[in-house]
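Can you read through this structure? Questions will come right after.
Each chain gets a letter, A, B, C and D, in the order it is written, and its residues are counted from 1.
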Amino acid sequence: MKPVAFDYVRPTNVSEACALLAGDDGARIIAGGQTLIPLLAMRLARPTRLVDIARIADLAFVRDEGEDVRIGAVTRQSVAERDPIVATKLPLLAKALPWVGHKATRHRGTVGGSIANADPAGEIPLVAVTLQATITVQDAAGSTELAAGAFYLGPMITALPEGAIVTHIRFPVWQEGRTGAGFHEVSARRSDFAFVASAAQVALDADGRCAALGVGIGGASDTPVRLDAVSEALVGSRLEETEVREAVVAATANLETVDDLHASATYRKRVAATLARRAILDARDEALGGRHAR
Amino acid sequence: MRLDIGGTQRIEAPIERLWASLNDPAFLTRCIPGCRSMQEIAPDRYAVHLDLKVASVGGSFEGHIGLSEKSPPEQCRISVTGSGTLGHGSGEARFKLEPAEGGTLLIYEGSGEIGGLVAGVGQRVLRGVAKHLVGKFIKAVRSELEGSAATTSAKA
Amino acid sequence: MRVELQVNGRRAEVDVEPRCTLLDCLRDTLGLEGTHAGCEHGVCGACTILVDGEPARSCLMLAVQADGHELTTIEGLSLGPGELSVLQDAFCETHGLQCGYCTPGMILAAHALLARTPQPTRADIVEAISGNLCRCTGYGQIVEAIALAAERLRSANIKTGET
Amino acid sequence: MGEVASFKYVSRKRRVREDRRFVSGQATYVGDVTPPGTRHAAVLTSPYASARIVKIDASEALAMPGVDAVVEGRELAAATDPLLIGVDAPLVKRYPLAVGRARYAGEWVAAVVAETRALAEDAREKIRVAYEELPFVLDAEAAYQPSSVPVHPEHGSNVLLDRPFVWGEVDATFAAAPHKLAYRVKWGRSATVPIETFGVVASWDPWREMLDVWASIQMPKFADQIARALRMPMNQVRVHQDVDVGGSYGVKRGIKHTVLAGFLSRKLGAPVKLIEDRLENMRGGDMHGPERTFDVELAFDGTGLVHAMRMRAIDNVGAYAGRSPLQLGKPVGAIVGPYRIEAVAYHAIAVTSNKTPQEAVRGFGQAPTNYAIETGLDRVAETLALDRLEVRRRNFIRADEFPYLIPSGTTYDSGDYHAVVAKTVKHVDWDALVAERDKLRAGGHLAGVGVASCLEPSGANSSFEPLLNPKNTTTTWMESCRIMVDALGAVTLTIHTTSAGQGHETLAATAAGEALDIDPDRMRVVRATSLESLPSNSPVGSRMAIMLGGAAYRAGQKLRDKLVAIAAHQWGMPAAQLHYRNGGAEDPATGRALEWPDLILIAHRHYHLMPPDMEPGLAVSHVLQVPTGGGLPSPDGRIQMYPCFSFEFHVVLVSIDPEIGRPHIHRYVVGHDCGTVINPDIVRGMTLGGIAHGLGAALLEEFAFDGEGQLLTQSFMDYLLPSAHEVPEVEIVHHVTPSPHTVFGQKGSGESGYLGAPAAISSAINDAVRPLGIRFEALPIRISAIGDAIARAKGLP
């Protein structure tokens, strides 16, 4: 399982990287390489040149910008996992990161790499969609911002234009009320690709009513899916179990789910509703301050 | 690995134009994702060369496309075979065209088999990729015929 | 391409193709054959080494990406010729292995754990080695080896960095 | 009771000496062997399950820099003989590369050799092969039909083996039995999948006319098969057996890999290295395991005693067969498991299909068979509304009935099943366990207690070969050990096989140390190459504790007797009157003694003091024939299979989250009796490892094929080995019932964990879902299947 031969260049800044990509459709970006290198080894990916952006310093940062937290694309997943800003301002991302791959892959894998790789079971893309993050991409012509919700088009398929690079991701910080997060995942083995995953973040107002809610499903469909209908149904409620159960079942009724060797489409749809409910209730309990996980 | 594709799409073009386009190698070369060339080697039989690229996965395919059971302009059957570094595949699909107000309904129904490396390691995502590629084909047909940047009416 | 690596505290200059993984470079170019290939697609963990003290899969890194990092392989853990570290010795004590093929990766993952968490719980240990597949042992005696090493390091008051 | 009641070294805690080289990264696996001038091979595989190979064009590949050769099936077949097949089917010809047609997706069609492995893979992609797809058959029952498309037209059908056996009054017992039940269970196609793939280095030296081979093998008669296929005298093949093997548990046979590498080395006059990568191994390494469907009928009475069993077992062995069909034969040696079933009809069927071939897998067919038997015991209990534990107790062979002859002609050596079960039940506090299950159920979970007992036939033997292939009358199954004491008194043992982590060096030293009353850790153990080896059958069938332990002990006895004879000669006394201890000999009457150094000196330097008829020096060896082995089957298919039978009793508490369907194992207890334990750490490791392996077969692992014969689990992303998260803490309850056939009373322990765990885990999950009327009758049982079945039973979408 030896890759095809390719060149390797290490640009010192983003524009240099974009220039290297422009006009060379055989060039591919490598950052952490945790998904790309297996594809190289299996000769599924056959680039003529790898452009290594892992050491571009101005792409590695976690910055608290009040309204949101901005994370540089080549920030290592393990760095984000240990970052205090993520822990305090992005509880959902903090809760999802330990589910990403293994400790060994998180030490090399990057946040931007996971976002761009768009694995249907990817935990970071799921959190980005759930929190309605914005993904900044840059190519030779300049940079644009894409909504995470419109970024994922299919399995490993995104709206990233040809020759563009993800430079950073802005995760909105929920300001009002007490926030809580919940994350659940089912896979054959603890660290495998998720059959189904659900990420939920809840904000409660002073008297315990839901001021904001975001819940998403990963692994079940070709892309991560935000269940907007659930947000609409439950904002204002007290997130009682029965209300939550009804809302998630309704919202997943016509969720298009994948059927594969490991899990059936009906299983994924049914468990999507279950995990969404559990994630929401966990988030509610965390917001209430009670450490009572389902 | 067995893949089933199917769907109904509204194309804002008259049935005759859609039918002619779907039988025009040059048109198909522009619409089939990654298609580099499509030479007619016999009546309704074409040798094709594809350079498929989905995300970071890419590979070249050599294959054949055959059109059969044609009853213009309503119906035809298309068979595809091909192999390359990523694996091999074959498929059958039936196209039905029905005039609808303001355009034509393109109804397609088919199944295919994918084998080799990509089925051996990619079973988890293969169906989604196939669905996406069919969607890209439909989008390309629409944008060719409808001229303006068409909005995809249904999720492919 | 010429690359300068820092392996087990020593500088090593290598000339490798960009497509050469760090795993193949360590084994074929530097002769450090204690690191093993199990799947070459990043799942089994037999190729685990330490990169700046943290476990990483050397089959998921290109050699050309590895310059400027402090690399540690199993050969770097022994205290000297014929001298096992506390952790290596603990694996012998509890027979935390059988065929030995996953063992170097397992020991390096454990080493990184103990450096960070000197008194790990059983759950900490299981999580730390969950990325390293072993087909022989069923993991029981491996967990016991790591727990024994933690205990010995604590009582001997050796800072884990020097094990 | 074994010959040596109390032991000085046996059963004591002793570090496994091999571990030192593994923990320091100083071991030598075949991947680490690269003689100067080595060239690297890669194989091109068939994309199709069945296809005629019309044309192979390697011109572009051969033109690439660094490429030495491309070889295809016809060239190889002309220069080599077909590989051995275990059953009488000579027209099912097998060569390392496909000849004329490919018979399974992944079969090797061509091999390319180049300066580096990367260049070989680059070249492989440039080889153009024109195929003409042919019809294929994948399902075993379909292949069994005469009308099916034969994988080997020359053979005329897909049936490799179709042998009914009847032992005892089966039909009469069924007719008279008040209760009967029938069921079908399926053992999914999984295997051992070691973390190291197969690899071989072959190096032909035209000057010495010697083919040196380093390979990752666990293979009886490896050098024989290589020499035979390459048409070389066996003394031109030198297999290096000091190669460390990165796990095998049965599958690492690699005959086709080694014949190919040997042929390529002779063709190029350079060492050739073929290390399978994981993709090559999973699809075309020919290392899949049994894929078997059982149709079982049981005849039993109102108390739950099973009197007769009919079992039809059909196995889908794939496109070719080496010894894989014989995995239907070994289970005959324990066909009734630990139960007093009096009459058995067994119909063994092996069929070819266009799937990857199988190899020997841990237990050699016993794990699937045990799963089928244990499912039956649960069904009997369910039918009579009796406790599954109690039904087993009633059916167990009693301790006082040993040695116990089972209907198929094997005599079980010893056992105390009731004692092991009693100890296990007491340790687990059975009633509290059942109460905990019911508490979990009350809490909204599904919960179940699983039980399964299993026999581990150990010691190995060839007798299933003559049973299934009358033309094969092999009755010799041996192991050997050599002990040499050098002139300075250091002891060196020689063993004659490779090892894959079983601790054979520690085993041999411990056994020799016990015989010689010398600390085993003072002994060195080395491995002979095949040219210097005494007869050995390598570590299969849980045999090495019995056979290598026995051979080392017997050799040690010979050495001891020689030392005593030398001492006796100095004092002109009969040897029998002397007392041996600690390497020396003492005359108890006078108290005078000659110590180890004294005797060494005489043996090596002082010929004039030697007994007249004794050779100088101290080198002894022993070749041990398997106890109870050596017979041929009777006409009605009765034969003594393996000599010794270990016993395990598994108890598992599992709960299932009903909405998710994921089983969680709360407790796993196993009662374990493998006779006298020689090294406690090694045996414990074997048991824990076997259970983890069995958990994989029960819940996670399957080589899944699609309708076109394409393997869908070609990587570790889809073929799922259990990680540390999936394997629960296992509590082992220890018991010793020594074997009468072995020097210490030891039996085998390498396989039993894997033979019992699948049945026990399946029993637990079925107990959990039984209240919903759900039954799982095939392995593996995936989370999704459990979740969907629960939803269906509850009428949910």
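In this section, a residue touches a chain if its C-beta (ideal position, glycine included) is under 8 Å from a C-beta of that chain, and two chains touch if they have at least 3 such contacts.
Everything numeric here is computed off the predicted structure, so don't read it as measured data.
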item	value
A-B or B-D, whichever has more C-beta pairs in contact	A-B
Centre-most chain [mean C-alpha coordinates]	D
Cα-centroid distance, chain A relative to chain B, in whole angstrom	31
Mean-CA-position distance for chain C and chain B (Å)	49
Centroid distance [mean C-alpha coordinates] between chain D and chain C, Å	30
For chain D, residues contacting two or more additional chains	118, 125, 277-279, 712-713, 715, 717-718, 723, 725
Set of chain C residues in contact with two or more other chains	17, 19, 40-41, 127, 130-131
Sequence positions of chain A contacting 2 or more other chains	1-5, 42-43, 190-191, 193, 261-262
Set of all touching chain pairs, with the criterion as stated earlier	A-B, A-C, A-D, B-D, C-D
Chain A residues touching chain C - in the complex, by the definition given at the top	1-8, 30, 33-34, 37-38, 40-42, 50, 52, 54, 78, 102-105, 107-108, 190-191
Contacting residues of chain D [partner chain A, same complex]	117-118, 121-122, 125, 277-279, 659-662, 700, 704, 712-713, 715, 717-718, 720, 722-723, 725-726, 782-784, 787-788, 791, 796-797
Chain B residues touching chain A - in the complex, by the definition given at the top	53-59, 85-86, 117-118, 121-125, 127-129, 131-132, 135, 155
Residues on chain C engaged by chain A in the complex (per definition of touch)	1, 17-19, 21, 24, 40-42, 45, 48, 51, 54-57, 59-62, 64-65, 109, 127-128, 130-131
Residues of chain C touching chain D in the complex	17, 19-20, 27, 32-41, 43-44, 46, 73-75, 77-78, 84, 88-89, 91-95, 97-104, 107, 126-127, 129-143
